[in-house]
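What follows is subunit A paired twice: with subunit B in the first complex and subunit C in the second.
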Partner chain A sequence: MEPPKIWREKRERYLAIGIQCQDCKSKSFPKTSFCTKCSSSNITEYRLATSGKLLNFTKVTSTSKEMNSYAPFFVGIIELDDGIKVTGQIVDCKFEDLQDEMRVRMVFRVLARNGEEGLIRYGFKFTPE
Partner chain B sequence: MSNHRVNIIGYGMTKFGEFYEENSSSLASKALMDSINNSVIEKNEIQAAFFGSFVSSSNSQSSIGVNCINECNMSIPVSRIEAGTASGAAAFHQAYLSLLSGLYDCVAVVGTEKLSDYVRNESIERILGATIDSHWEFEMGATLTSLYAILTKAHMKEFKTTLEQLASVPVKNHKNGVHNPNAQFRREISINRFLNAKRISDPIGRFDPATFCDGSSSVILASSDFIEKHTNLETTIPVLGAGQATDNLALHHRTSLTKLLATEYASKNAFKMADLTHSDINVAEVHDSFPIGEILAIEDIGFFAKGEGGKATENGETEINSNITINPGGGLKARGDPFGATGIAQIVEIVEQLSGRAKERQVDNKNYGLTQNVFGTGAMVYVNIFGESEVKR
Partner chain C sequence: MNKAGIVSYGSYIPRYRIRIEEIAKIWDEDPNELRSQLQVASKSVLGPDEDVATMAVESARNAINRWKGDPQKIGAIYVGSESHPYAVKPTATIVAAAIDAEKELTAADLEFACKAGTAGMQMCLGLVKSNMISYGLAIGADDSQGRPRDPLEYTAGAGSSAFLIGTERVVAEIEGTYSVTSDMPDFWRREGAIFPSHGVRFTGKPAYFQHTVDASKGLLEELGTKPSDYDFATFHQPNTKFPLTVAKMLGFSSEQVEVSLICKDIGNAYSASSMLGLAQILNHANAGDKIFMTSYGSGAGSDAFSFEVTDEIEEVKTYPYNVDHYIQNSEFIDYGLYARYKGLLR
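Up next, the complex of A and B:
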């Protein structure tokens, strides 16, 4: 992933910041300039809930060069306690341990390295609670 | 309206597979010349060409249409249309609109892709990562295959769809592909081969996905006015309906993981335009890049009730000359999947079927045919409906 893209998304990637609309109160992630529900620009930054439940999951055995050294790894859709849904990896567990609806919490980890730009890329992953 | 009817008057394609001696534009030129010769019109009667191609750097050349038109010694306006794995159908849609607008009377559509140049486990995964939410799915660790695995598991959980039912999709498509001379894989594969394969993204097995390959396909479109002036045409298959719809890019933003809403909306629009229903369709080519893709397609188009697609496939209800024939050309699975060329190859198959030229894989009832081409996990879907002839309407 190119450095300007990481830099542009640093608050989402490193601090898990989304937005909340001050008019209709709906929350969304990633950040946008308008509310994704009512299109109001009256929005403020908002920190995502740091735990939630695992809705769906599977195993990744092969991906792009900069993430391949971590494969196989597990990936899933997580519904955070504030209702926001995100896709992320589930780490520090065995595949057999994973279950639908299991509780997970957000952790900060390395996502990729050895890409063309040589940067180590960080972001959030999840671990069983 | 009848004067504005769009018809397919010629078609052609290369064999799909790995062609290391060919580049993207040489394949495209072959398919284009093939379709022009097939249409029995003169090359200079074509007024514009629309190219469907996903990977702009195929052949290290953007706007691949220019190379192709130069090679074919033509000088007409060209555009390249990109919609990921649905680029072929997207180009077809723009060509269709250009005739409906009245600007042109005869245009060519070419789908082309050259994927054997890319390294597996590296660049192909990144290319496909651009057909899902590249920042918040792919860069977080998900791949196209893993998201199809999640769609598969959701269907298995909600409707008790079994691995045997899922495997019956590629088994049938490989059986059909045996009779398609342009298919990459022309051999049957036993169900046990699929069931015993290593899981690459649980529950998706090693042999479940369609393969990425090289190939080109092309059709010539003409207005009804053009057809009236050319009485020697051998193919005149009318486009009766064209639907396109969009859904959330990321799976985690969708309301349901057991249907592709975009397929439902696109087919509703196409059926409405054609004034037909799903029960009128005899034969369809749908996007079976993964087995669950075909099951979702046949349910979301309406051929089978929600949750019944797996059972129906296992019971042989989608085989050639069953109630509804699905993927008689072998689908993406047996034909191979050169992204931009796939959407046009689906149309070529339906045109061959409706004109009664599909030989060993010919369906008996051939009044109406349908194609469905999908971008990524269903963020964009194109559905087209074709009729056997203008006369029947």
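Up next, the complex of A and C:
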């Protein structure tokens, strides 16, 4: 991943910042420059809730070269306490520990490392609460 | 002027642990002898997607959430570590972004073996006391490395601890701090080297013990206090034996030190070690308690601190993600998985 993209997505990945429309009040993630519901550009940054529940999940065993050293890893859809749904990895647990509806919270982790010399990309993942 | 001191604190210890027995088995060493020598049962190990920056952020977020204040008011962030993920590109910038403290602040990474975090606390205290900033965040975080089969392999653990220094709603006033520094070849790692080297037996007496004793005595003398004035004391924990021994040399009892002994479960957390000990004490302290802390960093130096706990401690003490939470939330792994997580398999 290129440095400009990492820099551009920093607040979104580090702080889980999406948007809230000032016209229709709807919230969405990831960040866009207009409301995903009413297309208004009258939007402000919105920080997502930092905990929620796991809706469903799967185990990823084979993946891109960049992610291979972390595999197998678990990916889930999480409904945050503010109602927004996000996709994320679930870490610090065993696959057999995962259950639908289980409570999870956000943690700050390495998303990927670009080889031995490239940039390290950080962002949020989830862990059992 | 208001009291200056600790406004909040937060810690982080990774989930994975490896037992001394599991490492001893690989090298055919006697685990009982090692355990009695070091008084350490297990050490903490980072997961594959963690590093000093992720640990520093988690501890910093715990400090902010415990405080419930505005991170934009933080004027300085210092991250002390000997295992920063980048040789060039500060960990402190990642922390600033991840706690939403960008962009009007000063920041830097520090290195002084196991005491760079407490050096950061002193820098924050100076800036706060001179009114240059309102709040400063000092973090000690390390993912320490021990060459396979080296004695360090049994204790080189990982962890992070963050202290927010300021003058508003102080939970523990810093009554004084005193340091000693000398050029000491007890432990080093050259640029580009993966594993550190050390002077084996040389590391104890003239290094750890002499510096810890000199800084501690210096502070006691300066403040006119004596060991019995303190409710708690904590020292750098390269193993569990050293802090107990140095406490005795100084006239502190093992009861004063006991609460802070986290090394037996997580090993030596390097820059985070004495700070995790202090965080653990604060979780058990009450208003009016006096706390003594002396860090030690190879190379070498010690920073001694004297604290008095205030009524504000009650507000912040019950925050759930504390040292005990992370000590209990653990999963033991075998040497194979340890080798993978430590990047020993290439």
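A few remarks follow.
The rule is simple: the second predicted complex is superposed on the first by the 125 of 129 C-alpha atoms of A that agree within 3 Å, B and C clash if a C-alpha of one lies under 4 Å from a C-alpha of the other, contacts with A are read in each partner's own complex, and residues count from 1 in each chain.
Assume contacts are C-beta pairs under 8 Å (C-beta built on N, C-alpha and C of every residue); 3 or more make two chains touch, one makes a residue touch a chain.
Predicted, not measured: the structure shown is a model, and the values here were computed from it.
On the shared subunit subunit A, the superposed partners subunit B and subunit C are arranged side by side without overlap. More residues of subunit A are touched by B (comparison of subunit B with subunit C).
Applying the stated contact rule after C-alpha superposition, one finds that A:Cys21 touches neither subunit B nor subunit C. In the superposition on chain A, contact of A:Cys35 is made with neither subunit B nor subunit C. When the shared chain is aligned, subunit B comes close enough to touch A:Met1, but subunit C does not.
By the touch criterion stated above, A:Asn68 is placed in contact with subunit B alone, subunit C being left untouched. Of the two partner chains, subunit C is the only one that A:Arg109 touches; subunit B does not reach it. With both structures placed on the common chain, the touch criterion links A:Asn56 to subunit B but leaves subunit C unconnected. Legend: residue contacts after superposition of the two complexes on their common chain; A:Thr87 is shown touching subunit B, with no touch to subunit C. In the overlay built on the shared chain, the residue A:Tyr122 is in contact with subunit C alone; subunit B does not reach it.
In the superposition on chain A, no contact is made by A:Ile43 with either subunit B or subunit C. No C-alpha atom of subunit B lies closer than 12 Å to any C-alpha atom of subunit C in the overlay.
Note: residues 89, 111, 125 of subunit A belong to the subunit B contact set and to the subunit C contact set alike, using the contact criterion stated above. Those residues of subunit B that touch subunit A in the complex are listed here as 120-123, 125-126, 129, 133, 135-143, 145-146, 149-150, 153-154, 157, 199-204, 250-253, 257.
Subunit A meets subunit C in the complex at residues 10-11, 14-15, 69-70, 89, 91-92, 107-111, 120, 122, 125. Only residues 15, 47-51, 53-54, 57-58, 61, 85-86, 94, 97-98, 100, 331 of subunit C touch subunit A when the two sit together in their complex. Here subunit A touches subunit B in the complex through residues 1, 5, 9, 30, 56-65, 67-68, 73, 75-77, 85-89, 95, 100, 111-112, 121, 123, 125, going by the rule given at the top.
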